[in-house]
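Reading through the structure tokens given below for one structure.
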Amino acid sequence: MRYILTANNITKCFFKDGKKFNAVDNVSFFLDKNEFCSLVGESGSGKTTLVRIISGLISPDSGTVVCDGESLTPRLRRKNKVICAKLQLVLQNSRAALDPRFSVYESIAEPIKNLKKCPRDEERKTVEKFIEQMELPKSILSQRSGELSGGQQKRVCIARALAADPDYIIFDEAVSGLDAVVRKNVLDLLIKIQKNSGKGCLLITHDIDAALYISQRIAVMKSGRILESVNYSGDIKVFKSEYAKTLISSSSSGIKKYDISVKNG
Amino acid sequence: MLLEIKELSVKVKSSGVKVVNGINLSVDEGEPLLILGQSGSGKTMICRTLFGLTNRYNFDVSGQIFFEGKDIMSADAKKRRKLYGSDIALIPQNPMTSFDPSCKLGNQLAETYRIHNKSSVKAAQNAVFEAMHRAGLEQCKAIWSSYPYMLSGGMLQRAAVAAAIINHPKLIIADEPTTALDAEHRIAVTNLLKGLCGSAAVIMITHDFAVADRFGGYAYIMKNGVFVEQGNIEKIIAAPENEYTKELLNAALLI
Amino acid sequence: MTKKIFSKPQAVIGLILIMIVIICAIFAPVIAPNSPDQIDPSLKYLKADGDYPLGTDQLGRCELSRLIYGARYAIGMSIPMLLILGILGLIIGTFSVCAGEKMDRIITFICDVFISFPSLITAIAVISVLGNGIQNIAVAVVISMWAWFARTVRSYAATEMGKEYITAARISGCSTVSLIFRHLIPNILPQCIVYMSTGVASAIIMISSFSFLGLGLPQGTAEWGAMMNEARTGLYGHPEMLVYPGICIFVTTAGFNLFGEALRDALTSEGGI
């Protein structure tokens, strides 16, 4: 059997104003190795909750998450360092996701210290390798995270996730709040990482342009449910649901086609 | 010529950086106009200057702004106050924070009307209902008596549009009106603003090319306080001339 | 950071006041012109002169020397007490946040119970059970004030635990213990130190109130509160004997409060160090 990350019939409800509502409603999902998948949904669609369940940070009300044949729970994730290293999450707000007292080096070295025991010089080499891979200058290593720009902070967060040498990486809103140019650079970087490493990558985003640009499989999520999951290879006609069509027509992917037609004509 | 900006510069006193550097811009009556740029390019600063919101202790403002041929930069505060909200209206970026949370929406909208028109409460209510109707809001009575937190972001942005058009302004400035909204409302609000063109000139400030394309009209591309390219938005998207515009378009459209 | 603190005048004034009191406390035998405990009834209520710069009290002891030695009690008792309180607060507060929801509720409830009693009354009750003595005062102050510290640290820790870098550290495989010591405590420590520095003032006032009420310290100790108590007998003839120790308490607490406030301003405006 091929080992993949699967989530089966996940339900999680919250209480808001005394009323119960399902943030995630009976959702099944999988992430294969060596693919780039996207989960697209607007704010409030439950995608962040789903991601936190899939990555084993919170437990669902019902349903199971299975990572490489083992049932994943927050407890197991805390106890078992192999599982912990296997599945890494890059958090949405990279400024807040870096300890303000840590230097960049310390931040990236943290998973190595916690999950793998290795001598200092080897640790240093690993960190430098990832910094290079992230196209960051080495001089950045001694800086505090607060001194970096938004794009640099994002890259440091990605480098930290890579340092754990995971099989699956989940990027929660990897490109929100970034300038168009920086956003494109980060997306290109993500594609390159995925191609070179063959890891299973999942991008959680509200930005359907980014999803269309980056991924081979796209799941569209709305109010706790996955509306459709399609294999995408450049043709937006594969989307069947009205909602996905709305999303695309409101985004710049909607004008991309028009733009090309104008150029050709 | 409805609005004409000549050689407008805004300098931050503390750092000496010119956030707006000698820009020229003109809008005709009923025309749509786009200002496109990344965050930090100075687009919001133009808008703030237009509304006299640049604090003179922090900013050095030079240049001239003519509204219907009259210089509003040198006009006294009282005259300018008369313009704002009646002839020139603003649609803010985040509708969630731009309403008073402790005040019913109807009263806030009526306030805008009654500041500029001497009218009875009843007449103000009718004006508000009429403006809500034009802004595409139904169930006017329910919205009149609800507090801002009770409405969704899209509804609130429509209410903000209603507040802006209640006095039939000649010029509406929308500062990133779609950024805080989700996809469906983004389309709807953009279409709504486009529909207002003709009865008023609408200046749309945005960073989103999809919104800009939907809105249409003459566009200025802004970078570091200057306009690097201008022209019809369709032409700019199809065949950008400036290097920066090309880079920005490629990045924004992910080509 | 230090530069930012000392650009504020209140920080400089506060620190100068604190330094004066601390120097008095350390070098009391050198600075004091006379022995603080030498009783000579023939010299009672002397006017200020060269030998006795502030005159003498009702038992003929040098007032200035007693005030200077009094600083030893104020500083020497309040600062160690605050250290104990701070460490206790850090342990209980962080434990409360990290030990799960049930434990958190129990600890918060106990804190609420302790806070609901006025701290002076709790302390008086403790002293009347334990009897007089310096260490008993310390115990009484700690028992009456620990809940405030634990609650404050808990709220700082809870805010910090909600931040994303804590989640990120967990994802990176941090165990709970290293999470607390590597991430949580270093990040809440500055705020805790600020809270402690303002707590010094209330500890000094509390100690002085005890001795003013005749609790804790033996009769005749050169402590500011006790001196005020003794000076009450000659209130109409020699009110200045009551004013001098009052000024000392005022100056010391003002110093700590000013410095603490400046520290807090510098911290909050920077959004953490």
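General remarks:
Think of it as A, B and C in the order they're written, each chain with its own count starting at 1.
Assume a residue touches a chain if its C-beta (ideal position, glycine included) is under 8 Å from a C-beta of that chain, and two chains touch if they have at least 3 such contacts.
Every value quoted in this text rests on a predicted model; they were computed, and no experiment measured them.
Viewed as a contact network, the protein chains form an open path, each link joining two chains that touch. Centrality by C-alpha centroid: the chain sitting nearest the overall protein C-alpha mean is A. Inter-chain centre distance (subunit A to subunit B, centres taken as mean C-alpha positions): 35 Å.
Work out the mean CA point of subunit B and of subunit C, and you get 56 Å between them.
Chain centres here are Cα means. That of subunit A falls 49 Å from that of subunit C.
Contacts from subunit A toward subunit B in the complex involve residues 42-43, 179-181, 183-184, 187, 206, 209-210, 212-213, 246-247, 249-256, 258-259, 262-263. Taken in their complex, subunit C has these residues touching subunit A: 163-165, 167-176, 178, 183, 186-187, 272-273. On the subunit B side of its complex with subunit A, the touching residues are 38-39, 182-184, 186-187, 207-210, 213, 234, 237-239, 247-248, 250-255. Residue ranges of subunit A in contact with subunit C, taken from their complex: 55, 57, 78, 81, 84-85, 88-89, 91-93, 96-101, 110-111, 114-115, 157, 160-161, 164.
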